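In the two complexes below, chain A is the common chain; its partner is chain B in one and chain C in the other.
Our next item is the complex of A and B:
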């Protein structure tokens, strides 16, 4: 018989239409009063079709929602707050399909050797296609996809080419918007800390706490530093790495001195660069 | 909800008594005007690529553009205020888009939706894609995303409404469409060495050669057929016709005829001058459009007869 499919299809539409009013009666004015009601009505088990009154109420985005990328900065280790997780390896810029990432690698002005920290980091979010490859490929989990989609502006060049300051967000922000994913990643890394820190801890013979939901929000009372000797200087694991754990770390104003050859000291280097820039 | 709230309109210079709150509003003309304008932004009904799907979703019942007075998607540029450039703008499509923009009445706004319309997106270096509609049109709001979610688009539209709220009737920079004289149309991009029209391959090659030699090569000319049409509209008078026309005028009014003759002389001088300056450009080796008169005029009846005869065979 002709037209059966049309009737079937229209029946679905009609059901939604009818259920919208049935639901209205069921809720009887409570429709927009409470957040739970809103979530039920917009959820998967909702029966009718309801408008999201956008600027007043917003649909919760799923955890794996991707919009534009942001850079993760340290905030669990009080000694290194605000430091980038990014080591400016440039993998994200290479894999970016529309090529919207621009990194300037940090170099030591004295030796010309690269410093594992980006000097500049730009993302043109008007080119970005939200694919998430950068976050997928980053070996340090230093770039993640943000959930904030309210980014429209009047000027493209002024507001839509984000620099490092604009892109940087603390790790706790990532934990808050994507708790499950963050936990999975931490498990894969072997701890909540940065891969470099974990490496240093391993060398020092310490193991990081197993990441769980409970210790997710623990601010490190410098366990990363305690794991390592010579925490006097602005303790960075990289700096303390060369010192063996058994070494007498009592007089440790210059931890690099005892190694004979000066090992790479990230903190000191960064300080030097900053000084030179300030001049 | 789009409900009329007079308190929203009220500008607070004059106090309104408490019992009249919501019933009376004292406001400036600018504010009233902007309020009415931003509450009835009619977008133009056209979509270019995947962003259009999100635009459709925004207009549908779930997100419901009509809450902002924008539900009336007009299929004609003459009736629309807002152009949502939703998707990849190809080089072929940019011409009609700019033409449509020119056909929209002032005040008009452009919203670049998504990565492609704002900056070319993943196709920004493509041979066939314009890297950002803002190279051709004045864009008011950029909405990033690939594609932006309906809520992101709504945020962009609200941003546009805020922009309109900020405009003042007293400031001519804000409302240039009330200036003296007609507004300058946005130049329609001419298909050229970059935006290739395959029908003009010969000319493009010649231009490329000239460009390689460092000579001025100019923009691509208008296709001959279009030029003919244009000349037919604007200056249909070939020389004998002008002579005839001037003859008739002479009989009517000798003063008018003298003025016309003067004007013609001036025009001829101007033509000669411009011809000298443009001698270097390719225009020189293009067939002169005005001399098309020596070709036989198109005879539709005869052509139809011919076709019929051919078919009958």
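Our next item is the complex of A and C:
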């Protein structure tokens, strides 16, 4: 009979319509109210429509989700709070497919020798293609992919080049957004500490605690602090940076006039380049 | 009953074919003796003859890829590289024709394989090779009036920084700067010597409008045999027509409502992916492949990984992917096929006028697979999951999310349980539902049955690939014809339909989804068995790849996706590809669009285009 196929198709449409409400009745509204029932709505057994009402509710992103990169800073070792994990080796800048990472290698102002600390670190978020290579190839676990995708802003030129201050986030943040991955990485390193600290500890004949879920949030034990020579941060003006107030152990170096030099002055830099080009 | 004589085509290996060629054309066909290269170099004066012999006598009836390579700085020549296959299956016969850089000219193979049409136009557009005998040789991706041939090695783009990444300016003294601040637009753009914007006209389109009878007095039109004598009309469909799924233009010449001719115009999304690819290092290219056919990025990754792995395999330090890595690759690729066909069917129905109900039902199912991709690879669409010799990471134990933003709702599934329910229950159920929903519908049938017919011999000649080719009755599937990965040990059938119309192209997508589910069901126990095997690829961030050429091809959801890569110019093994070419199925499938549309109505064009299933990211590259 002509039209049978259409009727059959409409029956499917009707089932979809009905199923949307069938689940509501079955779970009597709990589907929307309770956090743990979210899986009912957004799992494989959901039927009918299953819209997520953004922004009133958001689908939390899985651990491996990658958005833009951020830099890991120390916050569990009281002696080194706020220090970068980055050693400015430059691998992330080289492996970045669209080349959106700029790193200025730190130098000791007294000797002029390079120090394993970035003096400046920029990521142009407009260029970043969220591929995650920087995090994947970083040998120090110092750069990670963030989960915060809400980054809209009104101005492209000022807000989309992230400098080191904007990029830096403590290690505990990484542990909180990706606990499983962070644990895997710590196991690969051999401890929750920075690879350099672990190396120094090994030299001193100390062993780090085996990373587990339980000691994840522990403040690092004393041996870790003593294993490494006193932090070099205050000695180098380039590294002077505000330290989170929650760190009593680290004496906050006052931001000196020299410290301000490290800050990126774009206009001055551009003027310098123009001058150079004019010659 | 008499049996019609069919000219017998000898099924020989490519080695035998090559020796036959050399026998038949002494002096004109030589082995390509360069290290790491394969196939033959054909003298350009004999190219058409050799190609005809290959097609008619040796049976290489399918031209997969034709592309140019510029050896500026190595040999000061350019060459066209052709990959011809038999639709009966088997490896490629690679042949090349070399030409001078300064005066690049080669005979066109369009008469032998009409599928060379767009590919030769692309080579002309990007390399400036003149193809003698090509009836419509004009730029295809760039605009008429563009200065220079951008894929040549000595051509530099605006905002040019360096020949190769990584750029020196990034480290160790890498103060950030924007290219447009240092180089104001226009300062580094090269204009032709006599460039005048006011006088710039697009000559390529003049001929379209020239023979139209403009200024006809309607009153004078007489009737012949009761029919009104009408004028032709040229309609530009697109680039912003919703049916094009992007920015794509079809210039349609109409007689009344009937299509007289159709010419596709593309390039609105062109970014010279291949030039970027040559600036990039080998690793850098992986995330860029995601952006080609952005609906099936896993398949794109796979093809590129295969192409580069072939080169790695010629070196001495190489570990091929583990068995588990291969299993996960196939898992991802087949899920991608399902994702893509959901999308294709949904939007075909959109084009037919079933506005978004079927599309949204299909997209809703697709979401479930993307959730899995996101938890495994880190992104829903730009997966960037495969690496040379392995994968980014193994499957996660749990698809676990953590609340981070306000109002975040978390989920937590066991990955293997999720997969098994997805593959055994959810996907088959939804395919059946789509089938029940659409297949029998009289409206769909009346719009699609017999429309956009593509006969099998034409499909082969036009180098059509994927569902387009198989719906025309040619059971050609790279997974079976030229197997890769672990497909030889998996049980599945090559889906084939024989009517070659839109309806069959819709049905074949359902068939392929069912076959994919069949493959996935065989993959699941393999995943359980290989648990714990390492899957990581090579660990170098800037690997050196042994010199040579390779062509890696996979059966992507849209058709045969091929990567032709050349590694040259550095004895130690270069860090950057010398040549990186993408044989894009969406692009080459469009060759058949014009002939398919002739004689149909305007409304059918939309449906025919929808049934080819193109993605502009791949078409325009």
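Just so it is clear, the second predicted complex is superposed on the first by the 200 of 279 C-alpha atoms of A that agree within 3 Å, B and C clash if a C-alpha of one lies under 4 Å from a C-alpha of the other, contacts with A are read in each partner's own complex, and residues count from 1 in each chain.
Operating definition for what follows: a residue touches a chain if its C-beta (ideal position, glycine included) is under 8 Å from a C-beta of that chain, and two chains touch if they have at least 3 such contacts.
Since the structure is predicted, the reported quantities are computational estimates derived from the model, not experimental observations.
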item: Touched partner set for A:97, first chain B, second chain C, both or neither; value: both
item: Chain B versus chain C as contact partner of A:201, first or second or both or neither; value: neither
item: Chain B versus chain C as contact partner of A:133, first or second or both or neither; value: second
item: Which superposed partner A:178 touches (first chain B, second chain C, both, neither); value: second
item: Chain B versus chain C as contact partner of A:125, first or second or both or neither; value: first
item: Chain touching more of chain A, residue-wise (chain B, chain C); value: C
item: Chain B versus chain C as contact partner of A:58, first or second or both or neither; value: both
item: Touching partner for A:114 - first (chain B), second (chain C), both, neither; value: second
item: Chain B versus chain C as contact partner of A:8, first or second or both or neither; value: second
item: Which of chain B and chain C A:154 touches, first, second, both or neither; value: first
item: Overlap of chain C and chain B interfaces on chain A (superposed complexes); value: 49-50, 52, 55, 58-59, 97, 99, 124, 129-131, 150
item: Residues on chain A engaged by chain C in the complex (per definition of touch); value: 2-6, 8-9, 12-13, 16, 35, 38-39, 42-44, 49-50, 52, 55-66, 88, 90-91, 93-97, 99, 101-105, 114, 120, 122, 124, 129-133, 136-137, 145, 147-148, 150, 157, 161, 176-180, 264, 269-270, 273
item: Partner chain B, residues of chain A touching it in the complex; value: 49-55, 58-59, 67-68, 97-99, 124-131, 149-156, 160
item: Parts of chain B lying in touch with chain A, wherever the complex brings them together; value: 1, 61-64, 67, 112, 115, 118-122, 124, 132, 134, 139-146, 148-152, 154-156, 158-159, 163
item: Residues of chain C that touch chain A when the two form their complex; value: 165-167, 169-178, 181-182, 280, 283-288, 357, 361, 364, 368, 371, 374-379, 382, 384, 392-393, 396-413, 418, 421-422, 425-426, 433, 436-445, 541-542
